[in-house]
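My structure is below; once you've seen it, I'll send some questions.
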Amino acid sequence: MTQKTPSLQMNEAQLMTFMREVFHQVADEFEVEHVADNEITVRLLVTEKHLRPGGTVSGPSMFALADVCAYLGTLAMIGPKALAVTTNCSIDFMRKPAANTDLIAKGRLLKLGKQLAVSDVLVYSDGLDKPVARASLTYAIPPK
Amino acid sequence: MTQKTPSLQMNEAQLMTFMREVFHQVADEFEVEHVADNEITVRLLVTEKHLRPGGTVSGPSMFALADVCAYLGTLAMIGPKALAVTTNCSIDFMRKPAANTDLIAKGRLLKLGKQLAVSDVLVYSDGLDKPVARASLTYAIPPK
Amino acid sequence: MTQKTPSLQMNEAQLMTFMREVFHQVADEFEVEHVADNEITVRLLVTEKHLRPGGTVSGPSMFALADVCAYLGTLAMIGPKALAVTTNCSIDFMRKPAANTDLIAKGRLLKLGKQLAVSDVLVYSDGLDKPVARASLTYAIPPK
Amino acid sequence: MTQKTPSLQMNEAQLMTFMREVFHQVADEFEVEHVADNEITVRLLVTEKHLRPGGTVSGPSMFALADVCAYLGTLAMIGPKALAVTTNCSIDFMRKPAANTDLIAKGRLLKLGKQLAVSDVLVYSDGLDKPVARASLTYAIPPK
């Protein structure tokens, strides 16, 4: 007996459409740049509201990006389930983001179980090669 | 030789004034309800921008509240140091917040070292007795 | 329609018996001192194997104590389910434990859901009033 | 003025020697398989004492491996400083390790600051390609 390996259920455009329907308040802030089996890249289009004094991107904005990145990377593999919820996030803020610069999050889906999905994410200031933050996130997947 | 036990350096009004000066973008969202040695209570005044579909408060808003709560609880004991930075946060989202209801964060300062301060926070929907989220946060304190 | 509030299913002696049956390798290291609804106190009987140079208790020993404490505090409310598994732990090491001294862990069960249970734990060197470590842990509960 | 990029200070043999001197209680359990700039691979030689019923490796053993891996990966870049201490660990247990099988930890040093170093680690059952655990760890580096 074999178990089917999950494969990509949604592409970049489908993820964007889903986000606009379900999270219309924030969908314009994010851009899915790339999605593939168990990996995803999402951009935060940084504007005034994401900034702190000195032009640096705020902690909650980095958290929000990591969360959206891991969430969409999970949905990409299980299909559109708005009810999947974040249950845990651990985030390390490692460097000050560059001023007035978009952030790029690169997520990996490490575990896709029936009940739980676990991802990790590295967040970069666009154009720089050292990450500004690292996060790991768990989602509870609603029963079918 | 004895080591002085740290004591409260800033009261509720001083913390609010500091926040308005340094984080004017978000200061109006938060209200310091109570501060004492190693403990603090902060309210998030929930408005449209904190909500997700169904009226529930978003994850990033809960994160932001936990962060502000632990940050101000730390500053209350060390005095106004805008440069203290969040280095780590672990947060568990445990229940769905009540719709259109303020959140109340209760923080404890567990460790105040020379370089690092560690706090934990429980977040409640105003009026309910079971927490919606739990967070622990570490701040790096700049050298004198 | 009402939902039954969970109540204590196992007392101190029952938890110790369960641990000896299921985790006989380590059961002798731990002592359940007190259990009540949603709270528990567990002692680590510190011996040579828990120590690092200088007599301080090792990080893995503190982790193991926090894990056992939160696990037994969860089982106390749901009954003996050996299959509940730790899915996440975040732990902050805040102070050096006293040399050659037992550790005491005080756990609180913050959320008992159908699928997930979340606890937090403070760990003390026996007799001292400031915690040496803080941990939060999540357990996945097997379906009935 | 330029800042020197840190480079490797200790090779596999030097790390093993350091561990035997400083952590003689546990040094025999671990083997540094590979170290390079900002990356390291460490093996846990699984024996009876690491096991739980069914032959699976215990949570504290996985934690200990992640901790040793990140610690040695940090020391490799800063030189032998026994006083560097773990301040935070967040760990996700994602799959059951294979029975009676060594574990392999692959660590990356993500941030090496003056005061803090942050790493992440993936832990595998030897020979399998999906990780059993994921951890991120922070170390406080003593001032010179």
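To keep things simple, chains are lettered A, B, C and D as they appear, and every chain counts its residues starting from 1.
FYI, a contact is a pair of C-beta atoms (placed from the backbone, for glycine too) under 8 Å apart; a residue touches a chain by one contact, two chains touch by 3 or more.
Just so it is clear, the model here is predicted, and its values are computed rather than measured.
Visitor: When the contacting C-beta pairs are counted for A-D and for A-C, which pair yields the higher total?
Guide: A-D
Visitor: Fit chain A to chain B on CA atoms, both being copies of the same sequence, and give the resulting rotation angle in degrees, nearest 5.
Guide: With C-alpha atoms aligned, the rotation comes to 180 degrees.
Visitor: Computing the C-alpha centre of each chain, which chain sits at the greatest distance from chain B?
Guide: D
Visitor: So the centre of each chain is just the mean of its C-alpha atoms; given that, what is the distance between chain A and chain B in Å?
Guide: Here chain A and chain B have centroids separated by 24 Å.
Visitor: Suppose each chain is reduced to the average of its Cα coordinates; what separation in Å results between chain A and chain C?
Guide: About 33 Å, centre to centre.
Visitor: Mind checking the centre-to-centre distance between chain A and chain D? Centres are C-alpha means, answer in whole Å.
Guide: 27
Visitor: For chain D, write out the residues touching at least two other chains, lowest number first.
Guide: 87-88, 90, 92, 94, 138
Visitor: In their shared complex, at which residues does chain B touch chain D?
Guide: 87-88, 90, 115-116, 138, 140
Visitor: Give every residue of chain A touching chain B within the complex, in rising order.
Guide: Per the stated touch rule, the residues are 22-23, 25-26, 49, 51-53, 58-61, 63-64, 67, 82, 85-94.
Visitor: Help me check something: in the complex, which residues belonging to chain A touch chain D?
Guide: 90, 92, 94-95, 110-111, 113, 118, 120, 122, 130-131, 134, 136, 138
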